[in-house]
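Both complexes below contain subunit A, partnered by subunit B and then by subunit C.
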Partner chain A sequence: MTITMKKKDVVLIGFGWTGAILGQELTEAGLDVLALERGEMRDTPTDARYPQVIDELAYSIRGKLYQDLSRETVTVRHGVDDLAVPYRQHGSFLLGNGVGGAGLHWNGMHYRVLPEELQLRTRYEQRYGRHFIPEGMTIRDFPVTYDELEPFFTKFEYVCGTSGKAGNLGGRKIEGGNPFEGPRSKDYPTPPLHNGYGADLVWKGAVEAGFHPYYAPAANCSTPYTNPYGVRLGPCNFCGFCENYACYMYSKASPQTTILPVLLRKPNFEVRPRAQVLKINLDSTGKKATGVTYVDGKGREIFQPADLVIVTAYQMHNVRLLLLSGIGKPYNPKTGEGVVGMNYAYQAMGGVEVLLPSGTRLNPFIGTGAGGVSIDDVNGDQFDHGPLGFVGGASVRHVRLGGRPIQMTPTVPGTPKWGSAWKSAVKDTYQRELHIDLSGSVAAYQDVYLDLDPTYRDSYGQPLLRLTYNWHDNEARLMHHVGDRISEIAKAMNAEKYWVTNRVTPGAKYDVRFYQSTHTTGGAIMGADPRNSVVNRYLQSWDVPNVFVMGSSAFPQNMGYNPTGLVGALAYWAAKAIREQYLKNPGPLVQA
Partner chain B sequence: MMTRHLSAAALLAGLAFASGGAHAADDAQVARGAYIARAGDCVACHTATGGAPFAGGLAIQTPMGRIYSTNITPDPETGIGTYDFAAFDRAVRGGVNQAGHRLYPAMPYPSYARVSPDDMQALYAYFMHGVKPQHQPNRPADIAWPLSMRWPLMVWDAMFAPSPATATAPPSGSADQLARGRYLVVGLEHCGSCHTPRGFALQEKALTDVDGTAYLSGAPIDGWLAKSLRSDGPDGLSAWSVRDIVTFLKTGRTDQVAAFGGMKDVVVHSTQYLNDDDLTAIALYLKSLGGKGGAAPALRPDATATTALRTGHDLPRGGRVFLDNCAACHRTGGQGYDGVFPRLALSSVVNSADPMSLVRIVLEGSRMAPTAGAPAAFGMPGLGWRLDDRDVADVVTFIRTSWGNHGAPVSAEDVARIRRTINSGPTPESRNTVDPSPS
Partner chain C sequence: MTQPDRRGFLRTLVSAGPAAALAVGAAPAVGHAVETPEASGGAYAPRYFTAAEWRFLRAAADILIPADENGPGGAAVGIPEFIDGQMEMPYGHGKLWFMGGPFHPEVAPELGYQLDLVPRDIYRRGIGNFDAWCVKTHGRPFADLAVAEQTAAMHDLEAGRIVFADVPSATFFGFLLTNTKEGFFADPIHGGNKGMASWKMIGFPGVRADYMDWIDRPNTPYPYGPVSISGERA
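The block that comes next holds the complex of A and B.
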């Protein structure tokens, strides 16, 4: 029997970054807000207890903070006619869980967006002609511009205490910052983290090779910092345990270190952990949400009525919940009809591995989540794609994450994987090998999408989400080009040896066994037209106007940058529209 | 259940009910009374953990047995709804309830006796008109006869409790800041309840500065050291500026230190609500208290330990424990990070003669009190599960003798004694006796 709870003004489904932002913004507007989080309550003293948290086996290998895939996962296949099988072990992407979501255990790479990426189709068509974008590639413009989002990028950076250096302050170019970035209204709230020796070498090599290196923007505070909510953060101490871990220094921005100390104390806010939402309930017209149904920690099914339902889970879970709730028409790749699940995209990861001369001492254990050197010369549309014939670019960075014993003991190709030869190789390379990351954009395609799996179900009996994904030739060519260009940096560094380690090569198939990126996007994309998008420019469902969907599920395609900065900015942008427009006159904010 | 010890607490015990009642009061009077109730921190003891404000029921441990704070909401049956002003005043300032029974001096009426009649009127107006009535019967004390007899308290009161004040108090914002500060410290804030040592009958050895240099000279309370608030050298307030004290009382921390133990509740429930004029007055008054044994020489920074930690040379065993457990946040210079991780170098807490607070924080950890001015509740994990008594003694001794600190060494026996009084989980010795191999 379903228990019905007292009605709330707002229900948030999922309590990570976007849930915390919307919770804070809408309680400020005086609303009574409830967050439902399927995972456990988490906080720094409980989940970043020093020194227990410094445990690579527990957190990086066994994924202590991740979603339990034996209860719920996704299925994966390469093509629209293939059979999908469940993703049974964390590999290609790492699904978060619990209060704070993946925002508790991300690295803190806090980029904005290159302005041209938001008007991608228009930009390519204008610069390279209408036929440049290949058949089957379904890239779009975002229905919002960089200038519109700029105040919200700034706001999120100031909440996070992000460290970095502006390269374009209101149109004025500044040495040491990113010359390609859109104009900023304000500099970063904290100065750049100190570069390690490896980052210094990459910076120097990049300058010699003609690139424009800049301090990588890091949501790892470089100094103690008090954010606009009055919440103080600690400084990064370069411990080298960032991604996969909660930060015991209170330095890495997470909902816990930036918003929750204020939000959780508000009388008009409540979070219920261990609450697995099964669906959003609709009234008989199917055009209005009445609340959500969830199963609590005791296994009871509960109906929570609400005036406004905001989907604030991870990208894949957002899309799945819309499909399970019957909100919006599911996308069909064969007919091209429907919208929910379309334009799923990923990132094309690769790198240039650099072996420096013997005797180099990088001291790789001095690591941060996101500080280091970054390069945008081959990102976005900052170079001429005309003669190259592909769409997209890659953000490039050297960030020394640490020198941990299990995953951070690289060797040169051809080295045995175990035994005394492996040991002596690790001893040789530990201090002198470094990695330059290539994070390539991935376009959207007609044959790449998300839907509900016809076979596999989760522990509540609901269909799993099915990913239909494979690499396309465009990304293989992009990554080949970027690998070649960035190898020039390795050459300039007088490397003893260097080699490109791209995942995406011509003919390669998507392999979920290896970690690549958790930057999955699309499936509930934002757009100007309800015929080819799921939500409008304020992330409001076209079909059910009292449902909003946050997160990177709104991206029409993926970019080279890490997505969190854009996710946070869009959440603040949507929150403002809800506060200033929707609450005064509930209904569609954009007329279809 | 959360318990508090006698001297930390305020308690109205054994209230009965008679006729009388509230008279009309204007909103301004009620608001003023609410502020006075904050300053008196009534809510801290008269609210059970998770209970309704002022409905009582908090257990308070006394040497005679456990007693429970009473319902002071205006509920006519179970609270103080039938108290007229005279009865209310006699309870708060005289230690005698409406039925004529003596209160246990867990209730700080010897301090509240200093509260002015005007402020008492406002406080009364607040409790009658600003507090929501809660029907919650009082719980009798767990004290066996003959100790349960209350008449001996009359003798105690005659010896130790002053007569209620008759003078008007200097108001908030008064030009005479010292007088205002003194009024708050000796009266409403009853700082001496914890910070003044107690005598043979558990009475505070001094109730005001004129009673002697024992006043606010520091005392153990609930397994913590309530520090000296006098300017008497390394463990008092001599190195604290007025601004430091104001910031501490307002937010529960300064750049260098954070509240721990019972002081967290004081800040959360009381001092963070005081206006800046009153906090400044309190700080000026405290700074006016001279040292108990003359001013001690100021501590001077010394980089020897920092060098040893950074180079690994001449590092005592305690320094190695420090590197493995403490340095990540408190740093090799012992300076911590401003407003995040407290400073150990030249800290008045670290240099206290009695190391109990420092040892206890190492064993149990601590979490800062979240306040409106500083909502981030930074935490330190307890290390008692991984450090044995010798480790703790070595590291605490290292901390107390490094960077210019001049605290006396701490022995493993000292640590063992403190460990026994708190619940810090199994000691590493017992953990290590488990044979990891299956047999």
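The block that comes next holds the complex of A and C.
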């Protein structure tokens, strides 16, 4: 027995970053907007209460803010003919849930994109020749340029109060900023966070080794700040409990600390938590959405009619919802036909661990989510790939996240894992070990994709999303190169010891047991041609023009940078197109 | 974040998994309400573990984290209490995991945990199997072995030299070590880390979580001791 609700102008499916951005933008345009969020209502006073939030076991280890996998997860397999099995415990990536989504418990690493990454295929073909890109690698150009997105990167940074230092202001290079970045129209809204001792040492070592360190852009405010919506944020106090936690200082940008205080008070906006959307309903032509069907917190099935449906959930959920709704043709890796689910990508993570001399006092518990030192010399196409023979690069950074003892008490390889020798090693290492993070790009491949699992179902009886993923040789070679290069920094730091940790080595299988990155991308990719993409340059479905799909599901492949800056910029870019073009003349914004 | 129940003196064993059938002679109390020695002194009475399992956990905690010049041992800092508390949480019941079938434990290990066992099962079967191995090999359960024998047995377990009948021994060891370290390092509100012993050992200030005045003091000792969620100082 389905209950039918009063029609809304717009329904948003999922209420994290992109839901908040679209909600704010479209209510500003006068539309009546409803956000459906499957998780709970969340806010700073309830979910970031001090000191209860300073609880590593509850948040980082048992995952208080993550998706409840007992109800819904994904399945994973390595190859297209393998059996997929459920991702039963959180490991490799941490799916979000609830109002604010993963935007409530991210670090705030707020990068843009290196301009060449948006025209990746063209850039490599022009610089290295058409045959440089290996068989089976399906990298693409984004159908949008850095210059087109620049105002939207800026807008999102100013909403977040992001701290950092421009390296390229309108073409003028500035010391202390990133010399490789695309030109900015404005500097960051707040100055860089102060660096701790570890970041100072990495910065100095990087300069000595010939790299170009810069202040890592952090959506952790460095000063009191009022954003363009009139919402106030406070300065980061280096508490060391950022990612996996909500911020009790109102310093880390999240929907709750930047947009919701304004949006939730609007008469033309409503959020319904505990509303699990089952599908987007289509009319008899299959080319128009009529609304969405969801199950509410009381278990009632509800049809919510709407003129415009915007998919604003996490990347994997966006793709799953399109597949469950029959929007777009599912991708088939064997025939190459279809588009939904294609070009899933991930990140290749590694690190250089540095053991400093005895007596060094890093005070590792003094941490931020994103402030520190970052390096792009080996990122994007900022170095000559010709003799190296691989595609891609890595974002390199040292950010001291904190010294949380369950997860942040490393020991030198070869140390016993228990007993007095372990205790003594933990005590010795805690104050003098630091980690330089290597976050490698991952290309798209014909044999990596998302579809619906034939066996496993969620608590509503719907098929789980199936992830077919494994590493490719290209990424193993990339990470080997980056590990070698960044070891030069450790050498320059006069380390007692240093060693490279790299999950992506030749022949290594994708291992879901260890946290790597929550930066999953693709599956509903943007493109210029409906034959090989799911959405157009304004993130509008080619097949059902009153459906838009936000998020990193639009990325044709993944980059070394963290994706949130690009996700936010694309959401503001799409919102402008909806406001200025779509509303005047609803229909396709790009002719196929 | 439930506090261990310090009032209960008697605990009824509700769920004896398949390993109960394996209960060795030296584990006399399986299947019956048990009063532990600690309980009769007014201290902690385990809610999930049997008396025999409890003796194992206390002994194992002291082998994995021994009392030494760097601080007290695992039993003294409450690691058994922590693990017992976790067994009563959604975690112990496997409620944080996707547990829908079918189960395919034969797939590549890189695809993650694929057993149909939750932590309560893993401990019940694992402790039963490990104690049975100790009895068979050394004539006594783990808790009654000499420290050198316990240490050697733990090394055998870690190295995969012991095969269990009811749960993969590596799985049991993995949970035991992981949960032991969680209990050692987590906030005392969860039952372990008594006196914030591990935080004092490494110099972690606990919930102070405000270092605005310290970010600009490189390579300087931080002078304040830890504070816990409940406001305890050390």
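Methods note: the second predicted complex is superposed on the first by the 592 of 592 C-alpha atoms of A that agree within 3 Å, B and C clash if a C-alpha of one lies under 4 Å from a C-alpha of the other, contacts with A are read in each partner's own complex, and residues count from 1 in each chain.
One rule holds in what follows: contacts are C-beta pairs under 8 Å (C-beta built on N, C-alpha and C of every residue); 3 or more make two chains touch, one makes a residue touch a chain.
Predicted, not measured: the structure shown is a model, and the values here were computed from it.
In the superposition on chain A, no contact is made by A:Ile3 with either subunit B or subunit C. Legend: residue contacts after superposition of the two complexes on their common chain; A:Ala592 is shown touching neither subunit B nor subunit C.
By the touch criterion defined above, A:Leu388 lies against neither subunit B nor subunit C after alignment on the C-alpha atoms of chain A. Legend: residue contacts after superposition of the two complexes on their common chain; A:Val231 is shown touching subunit B, with no touch to subunit C.
Once the two complexes are laid over each other on the shared chain, residue contacts for A:Val207 go to neither subunit B nor subunit C. Within the superposed three-chain model, A:His194 lies in touch with subunit C and out of touch with subunit B [touch as defined at top].
Counting residues of subunit A touched by each partner, subunit B versus subunit C, the larger count belongs to C. In the overlay built on the shared chain, the residue A:Pro51 is in contact with subunit B and with subunit C. Judged by the touch definition given at the top, the superposed model places A:Cys239 against both subunit B and subunit C.
Residue overlap on subunit A between its contacts with subunit B in one complex and with subunit C in the other: 50-52, 235, 237, 239. Note for the complex: subunit B touches subunit A at residues 324-325, 328-329, 337-341, 365, 367, 370, 372-379, 381.
For subunit C in complex with subunit A, the residues that touch the partner chain are 1, 63-66, 68, 70-71, 89, 91, 94-100, 102, 104, 107-114, 151, 154, 158, 177, 180-182, 185-187, 189-190, 198-199, 201-207, 209-212, 214-216, 218-222, 227, 229. For subunit A in complex with subunit B, the residues that touch the partner chain are 44-45, 49-52, 224, 226, 229-235, 237, 239, 248-250, 257, 261-262, 265.
Listed in rising order, the residues of subunit A touching subunit C in the complex are 50-52, 54-58, 61-63, 68-70, 72-73, 76-78, 83, 85-89, 91, 193-197, 200, 235, 237-241, 360-363, 365-366, 403, 405-406, 409, 417-420, 423-424, 426-427, 430-431, 455-457, 509-513.
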